[in-house]
């Protein structure tokens, strides 16, 4: 039998950096979970155990902390681009770098209504993410890396103004039409920037708020339509974004059957479930 | 060999109720995860497979939904007490009931600065909990159930005004004194009510805010001292509470060793970790 | 307002030790997750930030590794007892120590049917645990620590020879009797040793096998009866154990309703669920 | 602003089927977690809330159970192919179907050394997976679906015969060479079948055993080389597979620094960690 290595990449995941920027009494906090993957001239490590070209994953980890120390950045987008460029610049054997960052959701504690200088409390379960990719072709020509921003795990629920009706019927259908149901989801959205130097924090806030407003204020004929509504609102809210992908699990709230107890369901008592769940995907792109 | 049943209890866990209370256009949302455990005259089911006295866990589950339908409540504390009393009242074979409720953390979506009537977004990872326990002795005499409130998973971090110094030294110590470190935790607190009819929501808000303020504004000589500070603040903030237990994991942020790279640690670059973690416990009781 | 500290303890959790014992070519592997909690004369740290008596949790962590290095042990039970005694012996300010150990489930890889000398593969999701507790009163008098062994997360399922019938009926019951259902659980069992120097590995194997055999071969009228059957079998199998606690979630497999599709349920097609789940507890004690 | 829908798909995830096949006294158990995604003529649901073409995700869920009832299958591979073909055959508006199945790892309980007829115990944490994809083009021409098998979460560890040396050095490197370290991982492998009707169970067993043997018996100069060794062994062991992807997290066991305690590290006392971890990927393809 004969076989060969037809793909390889490697890197370090779950590199957890806490960076504190002290501007006088006011401290800014970044907590970032980094994953780096490198492609390049590393086949000999697989085929011959020859590691001479390989930048150890421990070295990659050190690099995240050192680059974090030696550079200022205002957003994870900036840091991801810095890291991508670093790996291409430092290692000729690297043909491509992918850096994925997840930022923990810390807010300043409000003390007597005023945001505290150096104390923080965890925000919602949602986290801000970004992904930067850069290959040698782009790097050598001074072209921009590919850059995405995003939000993961944004929990939303509306108790009314949502239905699911007039869908396909056949032998396998048992679900009835409804024009008043609960719609709940844990939204993941990834947007593509049309620049490698966006105002990432402004984009994150504008897109999150636009999507939440669309979710809240628009009647939903289905998670599909809600994706379109949120996507249109997101693109309208942020000119630095060219497209946005949504992935919406439909976390069903099922009417509890009250009949056996002589009671009537009045859109009030539901069974909350996580599984099974619908999973609806869509990409909305600026024309 | 001879052996006997020396303890037994049973019940249903992870009963997930969504209740919507529609007061005109404004909807109130309760999402509750319930666990019920019953003690009583159930030994025959263990020793002889005689289930006649056993209220099926499926029946317990139905009960959570039906009691949720047939009763109004403003807080999980009220609902827990209602459920405890229901089980004692309905089933003479039950000698004790324990009801633990966990409430999901939903906030109204702010649309143009105004809380929305029926649309919600997930709040911080922290959840509100309560535990009610009632035995037949108390029930028959019309005495109150035992009632605790609490918060679980409250993430906090301060970037300064925290130290750890002058602690015990011996052969096993390697950690150096510091007067400026990051203190991070995921606080669990459980408070004991001195009434079975507290204003649970007011207690939750007052205690959470008092603990956060104490955490933010008081220099910490250790997680131990911070527990005492938060406990004193919590008891001062809520007269319906007689004691409070804290459990603080110390989620270490470890200075990254920058020396090998010719750089200097300036309280700026840390490794975030979850394990191993200190675990500090204390109970503060009103005198 | 006046308040005081009425309870305190502290320690280190998630201390993860890998110990390799090299006996010639054959290596023995221990992977242990340790949690240590100490009680004692530590109130000043809470009330005054006076840490002089406090053994840092970092020191506790070091101790786990150093005691692991300096001592031989054949079982986590031995190691837990060693650690308890160490803390009482070394620190007069400690009035009690609790050590909880969880052992990862590694098996030797079978190569051509023969267990390999130094390569391992993960076994079932179940883990072996133990808990040792020792207070100063017992330590000073050279009395034994309290010692429990256990297993956590043992997944079991039987496709028949299980029923649930003749249980209590009332308004809240909707479940029908059945004499042929699937019984599935993720068993937690904790047994109490009648010695501080048991053969822990023999106990673990004997009890696990006895419980599995009882589960497999005995008709179950309910999880309650199965607990009693498994408990009797466990006590008969291991004379070093005086009692055993079981906690059985009832992980329901619900018959899928095939009627709408013109098909018949023949104990063949089920919906697997984790929540809600029954939770059945019982302790069986040697007389 | 103008925007359009540029991608869409939807389906149901976490559909959990338990199927019992009763062949006389001997029962065969399948526990399968299914995820189905459909592509096709569904844009109107997004852009206009017109759901008439949409097969509800609830209907998809029903289908998994009904197809599971009406068909015999010996492996998840067969069931995945059946489901793909069903969706293409039944719904002309579907242009492509992707079915991902994960099978829980149940083994027969050994009672007195003999596998039991109808009672099962959970095996290792690893699970068997498969993915089938079929589009209308292939379906109409009676061409085979694309079919992958795999294993996820296979825990492995070797205490010696593993090193990491002679890798790239620069300013960011701090790790020293070693020729004797622990190598631990939680292997994910996905293999591509060269047939749509493989003996999936034989493939799973042969590939798993071959990979484990290669891991155990071959000196590892790095996770990269180990991937190549396991890949070559897997392809040699199963002729129905044309390529195999590996993803190996390097779950570091870090030598515990015993020097401060006057002790010597002898490849015996390690700190077990999950994060950060290396992540090494490679695909080995039959030539």
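All chains are identified by letter, namely A, B, C and D, in their written order; residue positions are counted from 1 within each chain.
Simple rule for what comes next: a residue touches a chain if its C-beta (ideal position, glycine included) is under 8 Å from a C-beta of that chain, and two chains touch if they have at least 3 such contacts.
All figures in this text were calculated on a predicted structure; none of them were measured in a lab.
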Listing by label each chain that touches chain A and chain D gives B, C
The chain whose C-alpha centroid lies farthest from that of chain B is chain D
Comparing which residue numbers chain C and chain D contribute to their contact, where sharing over half means same and under half means different, the two sides are same
When centres are defined as mean Cα positions, the distance from chain C to chain D in whole Å is 29
Chain-centre distance (mean CA atoms) for chain A and chain C, in whole Å, is 37
Among all residues of chain A, those touching at least two other chains are 16, 62, 66, 172, 174, 260-261
Chain C partner, complex, touching residues on chain A are 171-172, 174, 260-261
The answer for chain D against chain C in the complex is residues 16-22, 27, 29, 31, 62, 65-66, 68-70, 106, 109, 111-112, 116, 118-126, 154-161, 182, 186, 212-213, 215-217, 253, 256, 258, 260-261, 263, 267-273
Note: in the complex, chain B contacts chain C through residues 1-16, 35, 37, 42, 45-59, 61-63, 66, 90-91, 93, 164-168, 170, 172-175, 221-225, 227-228, 231-232, 235-236, 243, 245, 249-250, 274-287
